[in-house]
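Labels A, B and C are assigned to the chains in the order they are written; within every chain, residues are numbered from 1.
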Amino acid sequence: MEILIMKMTAKELAEALHGTVEGNPDAVVSSFGKIEHGRPGQLNFFANPKYARYVYTTRASVLLVNRDFVPEKPLDVTLVRVDDAYSALAELLNYIASQRKAFRRHRGRCRIACSARLGSKVWVGDYVTVGRRTRIGDKTRICDNVTIGENVTIGSRCIIYPGVHVFANTVIGDNVILHAGCVIGDDGFGNARQDDGSWKKIEHLGNVVIGNDVEIGSNTTIDKAPMESTVIGNGVRIDNLCQIAHNVQIGDNTVMAAQTGIAGSAIIGRNCIIAGQVGIVGHVRIADNTTIGAKSGVIGNVRKSGEVLFGIPALDRTQYLRAFAKFKASAEE
Amino acid sequence: MEILIMKMTAKELAEALHGTVEGNPDAVVSSFGKIEHGRPGQLNFFANPKYARYVYTTRASVLLVNRDFVPEKPLDVTLVRVDDAYSALAELLNYIASQRKAFRRHRGRCRIACSARLGSKVWVGDYVTVGRRTRIGDKTRICDNVTIGENVTIGSRCIIYPGVHVFANTVIGDNVILHAGCVIGDDGFGNARQDDGSWKKIEHLGNVVIGNDVEIGSNTTIDKAPMESTVIGNGVRIDNLCQIAHNVQIGDNTVMAAQTGIAGSAIIGRNCIIAGQVGIVGHVRIADNTTIGAKSGVIGNVRKSGEVLFGIPALDRTQYLRAFAKFKASAEE
Amino acid sequence: MEILIMKMTAKELAEALHGTVEGNPDAVVSSFGKIEHGRPGQLNFFANPKYARYVYTTRASVLLVNRDFVPEKPLDVTLVRVDDAYSALAELLNYIASQRKAFRRHRGRCRIACSARLGSKVWVGDYVTVGRRTRIGDKTRICDNVTIGENVTIGSRCIIYPGVHVFANTVIGDNVILHAGCVIGDDGFGNARQDDGSWKKIEHLGNVVIGNDVEIGSNTTIDKAPMESTVIGNGVRIDNLCQIAHNVQIGDNTVMAAQTGIAGSAIIGRNCIIAGQVGIVGHVRIADNTTIGAKSGVIGNVRKSGEVLFGIPALDRTQYLRAFAKFKASAEE
């Protein structure tokens, strides 16, 4: 598939993205494409060094690169240099996406409680239910087959994709995106063992509080707390199929890749980068700026900011990989 | 968020929970709260030793503790001592939750097959479909956007949360909770390789049978068997995003934390405790009372009751951690 | 549960499955059953050597076995020998399932855009939405509570199970099965870090392209690419709760068990067998015919066809297990 954009010259692109042209300022692009398959008329971009060799083979008309990029060979393609090619691309995609979002501003076939209050230009799809006393901010878009419980607060300019379920008392900020099928505010997993070996359910009466500018992935689940709140900070990004247990707190701007799970009452700092399929046990505290490699299992507190962890159980990444090199070598002994 | 409860004195709480007061019997509480943030007028509880220091700093009016708790310093807070503070809290939350569940007893906009039979006081939400010959017991509650297939049996006093999909021929006992988005009775993953490298689908004609007092987490999937049944015993608790493959059997009162997966035809004993992100391969048999640590990968039978396992592949936990200590130390050599 | 089939004699079964009878050709079966619990009147099958002992204890009337099976003791049961018992069983289950699929050919309560084009004998369930300019091929079945976006192409004879969400511009071939709750074509996880530590969303304008004869598991998520396409080849089988990130390509006939995740832009070859809970990092290339053991974490390219990997990080399986044997023994030193 090729994404069509309006026709733009290299010069116009450079102006829009605060960049500079190197090559033919009149080179025209009308679509995006990946650098591996660059074709004439396309705009490509280059940021990941893994793809460096394609810079010299792409037949694209314009290539977006970082300002400090130094080619190793002469180039055919016209360059547009910007401070950060990846961010500039994001801006451009964002601009095009915004042009496309011509929301139908109607109400679908839905059941909205009488006591719910919807702001202006709220879009509600088909087969949606909205519970009593729920408040939804201006320009928020609720897609098809969504259920929103009672006494929920959702801010402005949010997108709630199809099949999302938001439970009672959840609080959601502005500019939040909930992707398809995610579940916000279901009961946490709390059971008290009885003398006969059976389990008694701990009822959950708390809620989930999500800040502004948050994105939650498809089919991810965020449990409410038994008391008080599970808290997702501002600017947090959570990928698909993640599990956030009851009472967890996640600091601002922390990102988490797919299939990661955080057990109950863990407190995750700000600006952490947590890769995919990571597990973090309950009741620990992870410092700000922690980086955790994919598949790691964190079983204790991380006290110092800026650590890089890996492994099961997780150690300092360098230490783990040094021990693993010996583990690997031991097979040959 | 603060959860309001009716005003109760320490004395009344002690009577309700079969406990004893230590301190001011007339101390009044009107809300719950976590011990870390205890405020006047609140009821806190203390069971996890990790939180011991907060016992001496909470400003809550009443603190629920185990009968055998021995403070290390003098306390300001009034204590209510009970046999098991965690269970007592569960009881109290349960009581409050039961007060809140004033079900609307109506039928929403839904499609219920003519031949389906619903018991008395069954609550059915909006955009629900119920298939032919399906039977639903008294006081069961089917939330919005649920689909229930043909010839399904669901017991009494169950809660089927929004977005759940229950497939044909499933049998579900009494007091079962299916959390949002879980899928019960979809096809197992069965494919027979053909000579040309392609796969032929194995049709699944069996079903899933779930006992009484079971709780299944949000977005968890339980596959039906090709023949016969996938069986979930009484009192089982399965957390969010778990995968139970075709033909699996899970014994009574076994609990399983989030993102764990059990491969096809595995037989899990009773009273097992399986942590999060565990994997168990197919066709194995796990003895009763087995404990499996988070992220472990179990690749063989566990024959003796009461074992504690950890690691990939899983070993006896103590053995694994001893070997891991040497692995870790080897990085320094 | 016992699955009833039409009454058949051993001779009739042998003819239907191109096999030969050994024992009583007039032995009659009327239901399926597992070999562990074989009862008179049942058809059992034997393919997995783990179940060999039951061959001599089953009381079933007929047993389906591989042509080269050599019993170690005299047998009571009548055998039907076929080239491949597992495939023959698949064929039989398939036949029975096909007899059962008497689709109601109606349109439920649904919202289908005027500009959508549906082929002949398309079945659409209740509470379904189909977006503008979407095309759906003949005999495809869309179950309840499904949402299908704009400009989607779905081929013929597909089954889209309840609660599936297919996003705009997705292309799906013929004979594809999307299981309940799976999400196809949602935004990938792309974020560009800003100077203040916050993240800017990368808009995703590409799509997902799925070939013919593909099966996607329940609650699995497949993200669309920011530009161009995420591609799932012909004959691919993906189990439940898997995550396929943006720009991934999966070759023909590759299978993937539950809870596996493939990070962005990874290219997976053809005929690979990927077990459950595996993780593959982004931007790698995995050769055809690679086998990856459960829970493995693959962090680099796999260049040679036919390799067998295991571990975190993944090594050659034999090498890993040899090193692990020493790791395990080190606990005793």
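Here is the rule we go by: contacts are C-beta pairs under 8 Å (C-beta built on N, C-alpha and C of every residue); 3 or more make two chains touch, one makes a residue touch a chain.
On a predicted model such as this, the values are computed, not experimentally measured, just so you know.
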item	value
Fitting chain B to chain C on CA atoms, where both chains share a sequence, rotation angle to nearest 5 degrees	120
Self-contact between copies chain A and chain B, residue sets same or different by half	different
Computed distance of Cα centres, chain B from chain A, in Å	27
Numbers and ranges of chain C residues touching at least 2 other chains	127, 145, 163, 181, 219, 241, 259, 277, 312, 327
Chain A to chain C touching residues, read off their complex	1-3, 32-34, 37, 48, 50, 84, 86-87, 89-91, 93-94, 96-97, 100, 108-109, 125-127, 143-145, 161-163, 177, 179-181, 213, 215, 217-219, 235, 237, 239-241, 252-253, 255, 257-259, 270-271, 276-277, 294-295, 311-312, 324, 327-328, 330-331, 333
In the complex with chain A, residue positions of chain C that touch it	111, 127, 129, 145, 147, 163, 165, 167, 169, 171, 181, 183, 186-187, 189-192, 194, 197-207, 209, 219, 221, 223, 226-229, 241, 243, 245, 247, 259, 261, 263, 277, 279, 281, 283, 297, 299, 312-313, 315, 319-320, 322-323, 326-327
